[in-house]
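In what follows, subunit A forms one complex with subunit B and a second complex with subunit C.
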Partner chain A sequence: MFEAIAFYTFSAITIVMFWITVTSKNALYAMSALAAGMIMISGFFFLLDADFLGVVQIIVYTGAVMALYAFGMMFFDTTRDVKERVRAPKLVFLLSGMTALVLVIALVAPILGDHIEALYPMKEGIENPQAVGVVLFTKYLVPFEVAAVMLLVAMIAGIVLAGKKMDESLTLKVEDEFTQKGAQ
Partner chain B sequence: MTTTGFIIATIIKILVVLGLFSALAGFGTYLERKVLAFMQRRLGPMHVGPYGVLQVLADGIKLFTKEDIIPQNAVKPIFMIAPIIGAATAFIALAAVPILPEFEIFGVKVHPIIADINVGVLFVLGVMASGLFAPLLAGMASSNKWGLLGAARTAIQLLSYEVVTGLSILAPLMLVGSLSLIDINNYQSGGFTDWIVWSQPVAFVLFLIAGFAETNRTPFDLLEHEAEIVSGYATEYSGMRWGMFFIGEYANMITLGFLASLIFLGGFNDWGFIPGGLAIVLKVSFLFFFFLWTRAAWPHVRPDQLMWLCWKVLMPIAVLNVVVTGIVLMM
Partner chain C sequence: MITLSHYLVLSAVLFAIGLVGVYRRKNLLMLLFSTEILLNAANVGFAAISKFYGDLTGQMFAFFIVAVAASEVAVGLGLMIVWYKRRGTLDIDSMQSMHG
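Up next, the complex of A and B:
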């Protein structure tokens, strides 16, 4: 009974939160609702006894959404509404609606047809983190390493693009300007 | 134990933990003032009650009866929720911390932990980290320049020091081979020489430094640096909402004390002639005192020094520590 109560509570909160994320015009509301929704999703993992994934969900999305906040802070005045100009609202609605529908059908079809089964079922006596580790470092070793390399490439590219004058200290530079202005 | 018994026991544990730790967090403010006063050769609070012990109560009455001001241009709901996030996450994190060793009361065996999940360490750290949404949202919602600067500093500080905490704690976890705080505690059951701090001294120091940054304590309390940005994210707050941030901060300090003593300092194992329950209280008290001691002894750092420390000093050392531990374990 408790599982049912918890499941429906978490689902209701998650859906409401993501609804706010999509419909709100205020960037701050949208991001806070996104963060709350992402963290509420971890509740489902805990209900399915996947403690490790639940905690990873909390940690990863805390950090990721925090980075989004940082962007929001730099680009908007987050206390004001964002003015959106949508050229063709009907087209946008149609396209996003169709995409959502296709996703739902693709995910629900195997459940309805009972064609879903665990490829790597949990064994007794193996804890959550171990089970994830075993699958990650045997079956999915190559995709895992490729993803890591891609992230490294992205990081190096980011550093090269952003850090053209990284060897000079900005604070010292400003001080130099002050002394020059003072001398004039 | 039956389901009903389990539910009643859990509810009692939750109430005890909530009551005890919010009281301790309040009392922490008194201790902080006294310790700082002692180190700066002052007397600290002396007037309310003997040695000023009732100062906490007086402060509580003041905070509760103060007007709750919400600025006109603030984003109201988020401004109001932010302090609650701060206090709530601090207490949720305590749910997976084993506070004392098992004991028997009225013939019932009690496990003093609310939820014994097998990824305890990660859960506590993750929930504590999500507590940093509180200063972030507070600063961004209050439509105040100082608040916004405080919020920006929160985002940098969290994203950077999260890395150091994770990497520093990885090496001891590799030794133990489990993420459960109870397993980590039992690993050190052989006495004083078995403490992980002797085999992982570097990780211990890194964890403490990152802990100061994550709980927003003095060498790294840039989020509300009075001398630079007035009061940072808390500039626009007053009354109990302001107080809730600080209840959260002190509760987080206590949680961090528990984590450090469980992972590195032997946890609640018997320490010589001292029974386990007393031993962990002593260790946590010492770590709490250590937080205050550092505050009295060290000046603030600048934000760029904070980033320099994180990415150029602590992170490489943490990675090296993990690699060396791995090589030693393989041999």
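Up next, the complex of A and C:
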């Protein structure tokens, strides 16, 4: 009963927040709505007994990613409204609606999942973070290390790209920029 | 009673909302927001499958998706800052230097 109430509340809030994100003209409103939607998504993870995933969702998305967006937006002019010229607005909703319809039909259809066996079944009496840790550091150790290297590469790329003088790279110069620099 | 189908339909709806954003947004920052929505919709689906089949693999994949999203944001924001410094706009229509 409470699960149903929580599910419908969370889904209503999440859908509204994400809809604001994709339709808002103001970048700050869009970012705030996205952060709120992320928090509500973590509610689903707690409902689904994935405690550790919910905590990671809050820390990484609303902590790290949103802070990164907030700092990145200092470089942009976010007080002005975003001007967007949508060529075919009806086509957008038609395509998205069709995709949603196909996805819903495919997901609601009876799943031939009787033969699916749990590869790493959840055991009774073990808390979720502990079980996650055991599986992550035994069966998924190599992907975990690869993900660590990927995050390191992303960090270095972020530092280098946002650093000084990167806007004067010679490899991407266009002709008028050359003449503009020459005229100065 | 909330079943697996409820969660999967919710995941599909969230994915469609993100798809609307990807289709109609012309600003790079907003486009990046929409991709975050897409990744989160997939995460909800993975966690639901993980719970209803009693398997931890779904949660593992959700963790790796979170890691991918974090690194995507770092690199994407860096590229956007470079572009904004050079051109002064984040409009996608201004990126037609190859006239494709």
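Criterion: the second predicted complex is superposed on the first by the 110 of 184 C-alpha atoms of A that agree within 3 Å, B and C clash if a C-alpha of one lies under 4 Å from a C-alpha of the other, contacts with A are read in each partner's own complex, and residues count from 1 in each chain.
The working rule: a residue touches a chain if its C-beta (ideal position, glycine included) is under 8 Å from a C-beta of that chain, and two chains touch if they have at least 3 such contacts.
Because the structure is predicted, anything quoted here is derived from the model rather than measured.
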Message = Just checking: does A:I41 make contact with subunit B only, subunit C only, both, or neither of them? Give me first, second, both or neither.
response = second
Ask   = After lining up the shared chain so the two structures overlap, which partner does A:M73 touch, if you call subunit B first and subunit C second: first, second, both or neither?
value = both
Task = For A:P129, decide between first (touching subunit B), second (touching subunit C), both and neither.
result = first
Message = Between subunit B and subunit C, whom does A:T21 touch in the aligned arrangement: first, second, both, or neither?
response = second
Ask   = Quick one: subunit B or subunit C, who's touching more of subunit A?
value = C
Query = Across the two complexes, what residues of subunit A are contacted by subunit B and by subunit C?
reply = 52, 56, 69, 72-73, 169
Query = Across the complex, what residues on subunit A touch subunit B?
reply = 26, 28-29, 32, 35, 39, 51-52, 55-56, 58-59, 62-63, 66-67, 69-70, 72-73, 78-79, 127-129, 169, 171
Note = Residue positions on subunit B within touch of subunit A in the complex are 73-75, 77-78, 81, 117-119, 122-123, 125-127, 129-130, 132-133, 136-137, 140-141, 143, 148, 151-152, 155-156, 158-159, 162, 178-179, 304
Ask   = Which residues of subunit A touch subunit C in their complex?
value = 3-4, 7, 11, 14-15, 18-19, 21-22, 27, 30-31, 34, 37-38, 41, 44-45, 48-50, 52-53, 56-57, 60-61, 64-65, 68-69, 72-73, 75-76, 82-86, 89, 92-93, 95-97, 99-100, 103-104, 107-108, 111, 113, 116, 118-122, 131-132, 135-136, 139-140, 143, 147, 150-151, 153-155, 157-162, 166-167, 169, 172, 174, 177
Note = Counting only contacts in the complex, subunit C reaches subunit A at residues 1-2, 4-21, 23-27, 29-30, 33-34, 36-37, 40, 43-44, 47-48, 50-51, 53-57, 59-60, 62-64, 66-75, 77-82, 84-86, 90-91, 93, 97
